[in-house]
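We just call them A, B, C and D in the order they show up, numbering each chain from 1.
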Amino acid sequence: MIYDVTIDGKNHRLDLNHADGRWSCLLDGRPLQIDAVLARPDVLSLRIGDMSYEVKSECVAGDLHIWVGSARFAAEVRDPRSLRSRARAADDHGPRKITAAMPGKVVRVLVNEGEEVEAGTGIAVVEAMKMQNEIKSPKKGIVQKIPVKEGVAVNAGDVLAVVE
Amino acid sequence: MIYDVTIDGKNHRLDLNHADGRWSCLLDGRPLQIDAVLARPDVLSLRIGDMSYEVKSECVAGDLHIWVGSARFAAEVRDPRSLRSRARAADDHGPRKITAAMPGKVVRVLVNEGEEVEAGTGIAVVEAMKMQNEIKSPKKGIVQKIPVKEGVAVNAGDVLAVVE
Amino acid sequence: MFKKILIANRGEIAVRVIRACHEMGIAAVAVYSDVDRASLHVLKADEAYPIGAPAATESYLNIPKILDVAKRSGADAIHPGYGFLSENARFAHACADAGVKFIGPTAASMEAMGSKTRARQAMEKAGVPFVPGTSHGLESFDEAAQVAQRIGYPVMLKAAAGGGGKGMRLVHAPSDLKSALEAARSEAERSFGDREVYIEKAIVNPRHIEMQILADEHGNTVYLGERECSLQRRHQKVLEEAPSPIVDPDMRRRMGEVAVRVAQAARYTNAGTVEFLVDQQKNFYFLEMNTRLQVEHPVTELITGLDLVHLQIHIAAGERLPFRQEDISIRGHAIECRIYAEDPDNNYFPSPGKITLLLAPAGPGIRRDSGMYQGWNVPLDYDPLLAKLIGYGTDRDQAISRLTRALDEYFVGGIKTNISLFRRILNDREFRAARLDTGFLDRMLERNENKKSDAAAADVAAIAAGLFAALGANASATKSAGANGASRAQDDDSRWRAVSRREALR
Amino acid sequence: MFKKILIANRGEIAVRVIRACHEMGIAAVAVYSDVDRASLHVLKADEAYPIGAPAATESYLNIPKILDVAKRSGADAIHPGYGFLSENARFAHACADAGVKFIGPTAASMEAMGSKTRARQAMEKAGVPFVPGTSHGLESFDEAAQVAQRIGYPVMLKAAAGGGGKGMRLVHAPSDLKSALEAARSEAERSFGDREVYIEKAIVNPRHIEMQILADEHGNTVYLGERECSLQRRHQKVLEEAPSPIVDPDMRRRMGEVAVRVAQAARYTNAGTVEFLVDQQKNFYFLEMNTRLQVEHPVTELITGLDLVHLQIHIAAGERLPFRQEDISIRGHAIECRIYAEDPDNNYFPSPGKITLLLAPAGPGIRRDSGMYQGWNVPLDYDPLLAKLIGYGTDRDQAISRLTRALDEYFVGGIKTNISLFRRILNDREFRAARLDTGFLDRMLERNENKKSDAAAADVAAIAAGLFAALGANASATKSAGANGASRAQDDDSRWRAVSRREALR
């Protein structure tokens, strides 16, 4: 099985195969000796060579995180052959709406329409109960549209920006 | 839904219905005010009147146990209308093979063929590594057959007795 | 002794009090709002009563509803925990009127301490050291200007009814005084319905150190040592330790004796805490008295070997303190981390949601007081304190190293928590050297964390991500997280109402 | 200090040592047999090496394989835990030869203490009090009869190489001596490959009390107080506490000084335990010395505030003890429960299998040293110790009440455990009164437990059983238990081989 894996914004090509109770693994073309056991759902005991790792998986607000010990990595996994992944990948290359997760007030808009942004660039700051929440771009691209202005109230789900 | 529930050998008729987010409950004809939330798989937060119980469910070697706080109860649940339960009930009324769970030596046979036994009556004692394990009848019935003798070695899965 | 105690609280402190009840053979009655039906305190209690809508005013702050449950359940005492009604003199009165013992001080003691200016007046009589300033509300700007001139700038304006940094203003120069006084007054009015503001000399980079006291109803009062609470973010305590690294036995005795004098002046009973500001010359000044069990009481329990909640209950039942001052000894060092459902990478914004995986630390020197469990949906309606992780060690270094190890074992999947903040604090050179003051944490957070990305760990993550995908549905409980995220987005405004209340919890 | 430590063990003690390594900034290397790939110590370690088949002789007892891992991993020290190779002088020798530090005493000290008769001879010279008897193996039946006559019946026959009650016989009358001697010899031969048997006066209803010592490599030796280990089933410790309810400060000092003398006579270094029998007049007699960390070391840690594993590592690194005898103080009371995967309703038969649900206690005064996790499949190949639950309190009553509360919170679903046994012990009137001796537990277990069936709870169970069924597949993780049961039935004989080894763990 071949996967395109993005870890903290960096892309990797991963080739995993399971035969005779063993995994074989190529990471970006490098062969690695791995041995993995699922300890419980979301917890993997992974040996690479003789190093031992307790790896945890979680999904927070739709984002997949992989934790190696106490270090967190943002992860995305695409199976290049899978239809669903291809759809998602397509979505990733098309326009993406950025919405408010919670109701509040837009206190600042950090980008302009037409500006180029990286994945993780702050788009707007929404305040609720005196706490400010910076909404970030989930992908690299161009800001197509910013339907909100500083000072307006938004509800959860309202579109703050569209990035293509 | 109507269930036949056996708790530590005692039978109960339970009538449960769920409507408008509330449960109604009749236990052996007695109406009880209950309120239940599944906290996580196998853990139920159950209120009966205003009493609060943390109830756990487990299955050990095929036996269902319900724990109310730190008290354990052997439980069996049958839905009188369910096909699968009916099959199980039939099995319960038909002959049941009692097998050795672990390899060992039969040190004692506690019943004779033709004898009537209760659920929980000791059938035979199997020893392994100097530890003795009493094998019990899972049901009330007549001992039809005892294919083992004292002193013989048995493997896991070997039939020790048949109770009908 | 009481037969049944109602716990008028939720979360980890409700669980902690329920545990004490069970240890003492006392039945525990829980109350819960609509969003707390599946909360841990309901599961652990012997009886549980719904008390209404999520908004605290409709439930945990609703005195008639709570007293009604006390009556229906036959509880003979109420433990208020911290926050909510714990320092509400009206509630203590109402309990007395209803014939239910309030586990805490009398309403009169609370009232004496409830207003900072009134407390100051009472304490001045008892000869307690104060930061120079006024012991009454400022009448006018002119008075403020005169006092500020006399005590010298910088000065601090404070709301008499204050707490949590609300209605507080630091003033460096006479020219800023007028606008600061107006701002403090209007914030005090908004926050507490009381515009009374007083003035104090501002202590530069003070430490915040508090002294735990216990007083029985027979006139015996003891102190149990201090807690260092200088690690604060926006005037909210984040991490506490005991003993304070700068307090030696002599200073402890002097602070303890002042604390006992404060308590006695207020005819105080049960557990209480006397807060002090300590300047760089180790002079200490009375700040205020908290008339309840503190969030951070476990660090005192670990270094004294005592159980404060057991003792609160014994005292409320009319028993005498089972020890004298000279019987109390302090051994080792304890540090508490307040684990919050909040996002350290995003301005500590609350992060409610479902806990999809919970790996909890244990082992030597680790105490965990928790109100969460795997599968629980953390509501956004209340203070997002999930648990307290407390490390004990032979000395401060060992407490830090055990806590660091335990934090590495702690995993709360599905929501954001501030666990990484504590790793950073405990690893900080200044923290390790115990050079602490109330500005420490804000300064640390302003420094950019030099996150060196670990390429080897990133490779591990890449392989693991692929393996989780290859192992399929059974490997993960996170598939449902999408649905969960969606439901979160539908939460209405009401879920936000209570968040500000956490600011009152210190 | 060491950079990397190999832990030649598994289960809770391996996890406990890994934690200590991480707290000290030392990398931890795990080894594991084929059935332990998913065990907790592998997950928690920094490196993990497979060492072969489940049978301990092929893996955890295999000296060449373990030293090979030490070499390949670059570990500069080995912690043996308890059991397995921990008291194996050959292994300590082999470590020294391989240039890897063995964290424990020298091979010579182990050898001096390994044979009970040789230890007795050495200790007699040091003026250590003994139970009257022979300090050498019995030459003949005639010698046995003469000695028994002299010291008086009842007498105890013991294997010199013994442990765990093997090769031990209590003889009440001369007529039983001959057959008992033969039985003890042949059991000693079978169990230890050594038929040497000696004789002692039998102490009627003794207590088993042991003294923890620490010795650095610079001649400093201290004692850390005693542990009461009288609660045994078939000569296996089940529950331990510290301090002993019958030991006062004077007796503690006298026992401690004898223990230090024992250690010094053997030129002992690192952590060790001197076991004593105590008769009803509180006379104490040297029994043997255990040259390793004990299972029950946490109770000593809780009452002294020290970390014995940290100290073991510091000592092995050549450091001096950081305190003197007079710096050590004992505060509070601690009790340990050994949580086993065994069925108390069925003769304590081992109960391996998959843990379908794990609810672990926490909160004030509770320490949990565990080697299990939810989803783990408990193998049958080793000692079925799953975890240790340790309760601390201001006094013995509070330790008991906290532990009882914690046991009520503990739930291990999918397998049988002995948790209910501890509820029964802690609730026992004789236990609460601390009237303990080594026969206590067997006597308690012989009494029929009057299980009063709680009709109200049975109704709750009936309703809950129906609700679980009504809630369907999502409500339960137990559906897979059938498959699990089936796989268990296919286990072959090899899985039984190692069970007896648990008897050597005390």
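A few points about this structure:
One rule holds for everything that comes next: a contact is a pair of C-beta atoms (placed from the backbone, for glycine too) under 8 Å apart; a residue touches a chain by one contact, two chains touch by 3 or more.
Given the structure is predicted, the values throughout are model-derived calculations rather than measurements.
Common neighbours of subunit C and subunit D under the contact definition above: A, B. Between B-D and B-C, more C-beta contact pairs are found at B-D. Distance between subunit B and subunit C, defined via averaged C-alpha coordinates, is recorded as 48 Å. Averaged C-alpha coordinates give centres for subunit A and subunit C that are 35 Å from one another. With touch defined as above, residues shared between interfaces to two or more other chains in subunit A number as follows: 41, 43. With touch defined as above, residues shared between interfaces to two or more other chains in subunit C number as follows: 44, 408. Of all residues in subunit D, only 346-351, 353, 356-357, 359, 407-408, 411, 413-416, 419-420, 423, 453-454, 457-471, 474-479, 481-482, 485, 488-493, 496, 499-500 touch subunit B in the complex they form.
For subunit A in complex with subunit C, the residues that touch the partner chain are 1, 3, 5, 7-8, 10, 12, 14, 16, 18, 23, 25, 27, 32, 34, 36, 38, 41-44, 46, 48, 53, 55-62, 64, 66-73, 75-77, 79, 99, 101-103, 128-134, 156-157. Of all the residues in subunit D, the ones that touch subunit C in their complex are 15-16, 19-20, 22-25, 44, 298, 301, 305-307, 309-310, 329, 331-332, 360, 362-370, 392-394, 398, 401-402, 404-405, 408-409.
Within the complex formed with subunit B, the subunit C residues making contact are 30, 37-38, 42-49, 72-73, 373-376.
Residue ranges of subunit A in contact with subunit D, taken from their complex: 35, 37, 39-41, 43, 45, 47, 50-52, 54.
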